[in-house]
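In this document, chain identifiers A, B, C and D correspond to the written order of the chains, with residue numbering beginning at 1 in each.
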Amino acid sequence: MAVKERMAQLAGKVAENAREIDEKSVRRLIGELDRAKSVFLCGAGRSGYVAKAFAMRLMHLGFNVYVVGETTTPAITDRDLLVAVTGSGETHTIVGMAEAAKKRKARVAAITSNPKSEIAEFSDSVVLIKGRLPGTREKDYLARQLKGGHEPLAPLGTLFELSSMVFFDSLVEELMVRKKRGEDYLKARHTQLE
Amino acid sequence: MAVKERMAQLAGKVAENAREIDEKSVRRLIGELDRAKSVFLCGAGRSGYVAKAFAMRLMHLGFNVYVVGETTTPAITDRDLLVAVTGSGETHTIVGMAEAAKKRKARVAAITSNPKSEIAEFSDSVVLIKGRLPGTREKDYLARQLKGGHEPLAPLGTLFELSSMVFFDSLVEELMVRKKRGEDYLKARHTQLE
Amino acid sequence: MAVKERMAQLAGKVAENAREIDEKSVRRLIGELDRAKSVFLCGAGRSGYVAKAFAMRLMHLGFNVYVVGETTTPAITDRDLLVAVTGSGETHTIVGMAEAAKKRKARVAAITSNPKSEIAEFSDSVVLIKGRLPGTREKDYLARQLKGGHEPLAPLGTLFELSSMVFFDSLVEELMVRKKRGEDYLKARHTQLE
Amino acid sequence: MAVKERMAQLAGKVAENAREIDEKSVRRLIGELDRAKSVFLCGAGRSGYVAKAFAMRLMHLGFNVYVVGETTTPAITDRDLLVAVTGSGETHTIVGMAEAAKKRKARVAAITSNPKSEIAEFSDSVVLIKGRLPGTREKDYLARQLKGGHEPLAPLGTLFELSSMVFFDSLVEELMVRKKRGEDYLKARHTQLE
């Protein structure tokens, strides 16, 4: 199969995942973002890069925003929001950060595929984003692929990560419209030093 | 417009961009990846996160791979490949790294929207990935959106970044099939410390 | 007091801390570094930067070395060594990483000020590096300083971090001599892309 | 030679470098830090970790501070200060960032060993911090060491990096005293999420 076909397939899976998003959960997340004095993002591995890509746009949009683990990120307070990105909902360091944030009485929003995860349980708001169907075995995937199957292989958290990235950029659009902040506004905040 | 509709729109744009990919350029990139002793990734800002997400999967796949600017990245040599991710093709630091790599006789592959950029000119292989149509004014986008238009706002490099992320994950699938390395292989290399 | 006097004071404190280092513990650490197939470094905040500065030099020296949390860091195995840098010995994420490494049967070396910390207990080797004297109250420091006192203020983990940085660079010298690898060897591995 | 002796030697070299600091240049830097609306730090490799360690303390002290290249770092403006840390004064990416900052009419402060470097020329203030004596050949170092010499090997930028780290922590002490901000103030800003 051509790589461009695989790419269209993956984009199609993201579009399918979009249909499953609960719009009410998105409104709750927007409310949390609006009420927070500062927004903190965290995620591990590729989910961490997705979290950072969103954090950068929030900065462009004029939010006070920090990434946990970066140099100048201050202490979180009870007026702040931590947005934790974890497909499994069970990444040790991320769950630990969310717990620490709760202890300091910050609000916590989880972006996860796993509604039954500990982090989904104790977060103040949760946006569920589908990853690969649970129980879908990788061997079956590879077997089908090798026979010319029409399912993306999308190993490990790939579908969650891509869907979350596109979800956050959709949220950025919504925030632009709500705050009437166009591209010029974002551009003025974009670093010029690199 | 609901955020989930915006998300489906963005995924649709990525699928459109997939159609424009030149499959021959992808084969050349795969050839470069296969021949390289080590692969180095670089990109600034959100393109940098996309580059890192790809680098992590190349590591999972068993490649010797490094991200420029990370702690334990060694000197590049004439048997190595630098993959530079830059939508504009003109990010100062990234072009500088590509030039330095060429001076050291490494191969350079560019992933860019801009076929006329300096980096596209001097790279050994180029995969063109569409971003927003050149000349599309942001003000028009916002105006249309506010009137209920059906174009994604997708500020700055958003469409390039999303399309590149999905492109790289499609390439990962292709490499899995070619190398007959299933998800178990990748999982065994995935960090367990976080 | 002039800043240069403060600087001499801090350097003096580091020299004092040097005297307290147990040379046998250093030999054990060198043994662990030599036997490891790959060395992994971890640390949070400023201790994390000290860990990264050491990791970079280990790479220059020809070690297989990774920083936990960076993009292309693979899974740790039972032939590898995790070096954890934590003054308090109780940083949540770092202790978690060390525990995960032990579970995977990797060796763990701790660099810490706290011999009674959990991480010191379960690590295979420990180098103790003094921080500020326990029980030394900050208020006293500031009070004495404001009166013209001659103690460095050195807030939080400063003395541990500076002493660890100098300790690691001393270890680098020792490794250069033992492996007969001069500056030219290191320079050849130093990145040229930035 | 024992590692602890090497450590005392290196600390001694840092103390020697302290004596060479021009206190007037430090006062100018403090003035620049005080007048800046936001302070931006940049440095490559190990100098970058030193820059980050200082940036973290400036945040603890209540400064608006950012590290170039981190996720939520905004555009620099004409009311801001860029502090560039580069021993050679000629690191390509760092000089490029300083030039870009000047173009945007920000102030630039250089911390460097090289008074004749381009960056020292065009910066608004410069603190010179000695590295290894120019012209000191590495081979001689190793030769002397192997013969039991009493000079630290301190490869590449080691002496500059250690001296800069201690210099910045001395500056932090001075800022604490000037702003009457004790350790409790810093501690309250220190992240609790890791």
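Brief remarks on what is shown
The working rule: a contact is a pair of C-beta atoms (placed from the backbone, for glycine too) under 8 Å apart; a residue touches a chain by one contact, two chains touch by 3 or more.
As the structure is a computational prediction, the values presented were derived from the model and not from experiment.
The interface with the greater number of C-beta contacts, when B-D is set against C-D, is C-D. Between chain B and chain D, the centres computed from C-alpha atoms are 34 Å apart.
Chain B and chain C, compared by their mean Cα positions, are separated by 35 Å.
Here the spacing of chain C and chain D, counted between their Cα centres, is 19 Å. Among all residues of chain D, those that touch two or more other chains are 44, 52, 56, 69, 92-93, 97, 100, 190-191, 194.
Taken pairwise by the contact criterion, the protein chains are fully connected, each one touching every other.
On chain C, the positions that touch chain D within their shared complex are 1-12, 14-15, 18-19, 21, 23, 26, 44-46, 49-50, 52-53, 56-57, 60, 91-94, 138-139, 141-142, 145-146, 152-156, 158, 161-162, 165-167, 169-174, 176-177, 180, 182-184, 186-187, 190-191, 194. Those residues of chain D whose C-beta lies close enough to touch chain B in the complex are 44, 69, 92-93, 96-97, 100. Of all residues in chain B, only 40, 42, 52, 55-56, 58-59, 65-76, 82, 97, 100-101, 104, 188-194 touch chain C in the complex they form.
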